[in-house]
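Labels run A, B, C and D following the written order; every chain starts at residue 1.
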Amino acid sequence: MAEITSLHEAVAGLVHDGDIVSLEGFTHLIPTLAGHEIVRQQRRDLTLVRMTPDLVYDQMIGMGVARKLVFSWGGNPGVGSLHRFRDAVENSWPVPLEVDEHSHAGMANRYVAGASNLPFAVLRGYQGSGLAGRSDTISTVTCPFTGEELAAVAAINPDVAVIHAQRADRAGNVQLWGILGVQKEAVLAAKRVLVTVEEIVDALDPVPGAIVLPSWVVTAVAPVPGGAHPSYAAGYTTRDNAFYTAWDTISRDRDTFARWMDEHVVEPAGAHR
Amino acid sequence: MAEITSLHEAVAGLVHDGDIVSLEGFTHLIPTLAGHEIVRQQRRDLTLVRMTPDLVYDQMIGMGVARKLVFSWGGNPGVGSLHRFRDAVENSWPVPLEVDEHSHAGMANRYVAGASNLPFAVLRGYQGSGLAGRSDTISTVTCPFTGEELAAVAAINPDVAVIHAQRADRAGNVQLWGILGVQKEAVLAAKRVLVTVEEIVDALDPVPGAIVLPSWVVTAVAPVPGGAHPSYAAGYTTRDNAFYTAWDTISRDRDTFARWMDEHVVEPAGAHR
Amino acid sequence: MTDTLTWTSDEMMTVASARALADATTCFVGIGLPSTAANLARRTRNPDLVLIYESGTIGAKPDVLPLSIGDGELADTADAVVAVPEIFNYWLQAGRCDVGFLGAAQVDRFANINTTVIPREGQPDLRLPGAGGAPEIAAHAGKVLVTVRHSPRVFVDALPFVTSVGFGTGAGDRERLGLRGAGPTEVITDLGVMAPDPRTRELTLVEVHPGVSVEQVREATGWPLRVADEVATTEPPTDNELGVLRDLQARTKEAHSARS
Amino acid sequence: MTDTLTWTSDEMMTVASARALADATTCFVGIGLPSTAANLARRTRNPDLVLIYESGTIGAKPDVLPLSIGDGELADTADAVVAVPEIFNYWLQAGRCDVGFLGAAQVDRFANINTTVIPREGQPDLRLPGAGGAPEIAAHAGKVLVTVRHSPRVFVDALPFVTSVGFGTGAGDRERLGLRGAGPTEVITDLGVMAPDPRTRELTLVEVHPGVSVEQVREATGWPLRVADEVATTEPPTDNELGVLRDLQARTKEAHSARS
């Protein structure tokens, strides 16, 4: 059963140096503020897994929490580059960043395999792409019925999955709706699960398009209103498009980035305790 | 785009002798009346595919439409045997019935592979079970990452999938909710799709737990109120448990069965035209 | 002594089955006796027990017993309803079900199960319903409970067909087959309880229900049944267990007859 | 002559891209120009066009252009919203998308695409965003449209890295790789349109936009560009196309600035 706790306590208890950590949320419901707490608690040597690294991983990578990134598309959506991600890959700043790179289809199926307790998933993918030769988590299998060769990707089973959801009830059952991405798969593939929510409610009234993750597959729930900013939580907040644009300037320069993180993330420590 | 038509026209156009036909609905939303129309139109040599044959396939098999059954559990739920199914397998009455038999997990994954345009699916299943040796649609694959051996099942891609849903709009978009079984997978795995619905509405208002199958993956929609009887359509009808019990008596004897079918299925031809 | 009992042997079997769920978090439930036992457990020893039905209903809290694994009330009262591929892949196969509950047509001494076919002399083979979810429940549930009425036609010396594996050919066979769950830990019948020998995995009589003799169980078993050094007698059903069970069954009957 | 045009080259590119969707039933849409073109098509030549975004929104009907593939309006207006594994497995891989629309950092003469990495002299390799959905869109969509601004840095003689396959090494290579879709049928730029030669699959200039010369396109291409025997001139944007596009972009700007 999920424990309802503070973000500080949850990260302190669940995320350890060296862990494989998956913060998921496909454009919608990105658990940005949980990422900030991981930064504040100065975790190191994390393997960060995420289909679309987005601003949250740009920030975490720029603050040096990661030694490896597993991903499929690392840009600032509709804006341009993720400058901290690029600086880490291109210049090893602030620390070297190893990369395991996939397509979206491959990453999604890696989570599916992880959630299903399978060691791999099968897809039609990567044919002719240079990606296949650069990753030891991409291989092939032969169909035992048709003899056809297909792509195989290794399962992802993070030590910790972190997602943001609209709400949870007092028993820790979690409800989310709108664009659902791979959050269910990330949660079910992980050993430990942290969910930040907009609010805790007495009862999860049914909502069209919503899914519920039962309390007993979640380790901790932390109320973090606005926890997806600059992403959004349908029904609660809207996407801060201006911030995505502003991030391009903030993140382009190492010092500007460091100052911004210090001012907005590191110093306000305890904001969500 | 789906054509909205009568059940008679839909079956006449979509279901041909010798086809692989999948009528799905897991306890809930079983398309029984579509099965009756297939009986009335005297289709022959069908390969019937369905996880739980239930009364609808007992009736179709007893009327001689099938030459093969692909399934995973063939009983009258909570009541006992499917007598027409047994008579066909045990005594080849009215015609011999070939069987390809799976577990639920295997059948579900066969549909998933079919819906995904993959030739097979991987699961942890059938280990030590005698089922594996009796089916040429069960095999093994070896994980290219771990070397572990897993079960493989061949994809199912029916010529026609038939499901019952709560409603459709005038454009042929289909909405269903409650227990959803493998209907989405059966529909997406099939070459042609027939959906019977409780009603046609102007707009599909969102319903918690509902999914929508877009019109362009459906071939024909036929309004057939009560089309799941003795199964049910959540929000419209309730399960006729008494009929499931009564069926045990009706179906036990060949003549009683034939009379009942004649009276309730064959003679009321055109009831749903 | 049987005459003086205030409960039936089926009630004893159900109560014993419910008790076996006292420590479970999640139970993958088949229809019939397993469902009755699981719902009884939720109303007695284990109010937080999460019931998972193969129709995809997770955390169902039915007010009366369902007649099928897809009754509307299961969906209406569930915490979540998921598609059938998901319930088998993401939930059962992923090891999220502590206990799996299986019935059987035939069971052998290693708690292997046949629900597929029984050959008959001078007649066509008897066709049974088949596997359903059982092979993978038997493989993946943390542990498996088997419940079935005791008779020599059920507990047979050799299975003509293995649908779902208990301990296969004995100790080490589950591991060899790659089956992750612990396998059957109890076979609960209307006469008593058998458990696998820790060393050989052969079913051993460890408990008889009140009023049942060891000899009766031996006679109802199609192989020379091993008997534990000390055979306990099952605690009789408490008034509360019986009251809750009978109330549940009465309300179920009323509800389902009213509906049809 | 360019000075007299009443539209920009980007507008011409968008309009030409929208027209290429005139006969499509379903389009798998990436963000940016593909999304603009697809939404323009839905408002002009193809009102029934089904837009599928990789965020899992099927049949989205946004009133203004989304800024990300996961904008709330896509979900709010969609016929169905499905999880990301499902959109890739059940919809894209299953061949349910007539047209896939791709951008690119670099393109070679066989319409192969690099969005991963570009080596630089005396500097670390330039890191690009990566693959996203592109390799499987390129593989499975019924056909692929590529849109990108024309420059010799984009249209290069040899790709340093192939992220997504167009025609690989030429005729027959898609078949050899087992790619089911027809591959890129048009590469639409701000200067004109290239199409694969039916025999060799090498990109060939088939159309120039009004005011653009064949020589201009050759100069903006990093290999000796083949030119069709007859190069057509793109129909200028109609007043309606331009009006709808500009209105859409104006409303988009207003909506997104109002929100933040």
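Criterion: a residue touches a chain if its C-beta (ideal position, glycine included) is under 8 Å from a C-beta of that chain, and two chains touch if they have at least 3 such contacts.
All of these numbers come straight from a predicted model, not from anything done at the bench.
For the interfaces A-C and A-D, the C-beta contact count is higher for A-D.
Taking the CA centroid of chain D as reference, the farthest chain centroid is that of C.
Chain B has its Cα centroid 39 Å from the Cα centroid of chain A.
Remark: chain A and chain D have CA centroids separated by 28 Å (rounded to whole angstrom).
Chain contacts: chain D has residues 89, 93, 140 touching two or more partner chains. Contact with two or more other chains is made by residues 116-118, 123-124, 148, 184-185, 209 of chain A.
The touch graph of the protein chains shown belongs to none of the named shapes. Which chains touch which is summed up as A-B, A-C, A-D, B-C, B-D. Partner chain D is touched in their complex by these residues of chain B: 115-118, 173, 184-185, 188, 211-214, 216-217.
Residues 31-32, 54-57, 67-72, 74-76, 81, 83-85, 88-89, 92-93, 112, 116, 124-127, 129-136, 139-140, 161-165, 168, 173, 177-180, 256-257, 259-260 of chain C are the ones touching chain B in the complex. Of all the residues in chain A, the ones that touch chain B in their complex are 116-124, 137, 139-146, 148, 150, 152, 154, 206-210. Taken in their complex, chain D has these residues touching chain B: 25-26, 50, 58-59, 79-80, 89-90, 93-96, 140.
Note for the complex: chain A touches chain D at residues 26-28, 51-52, 71-75, 77-78, 81-82, 85-86, 89-91, 101-105, 108-109, 111-112, 123-131, 148-149, 178-182, 184-185, 209, 232, 234, 238-244.
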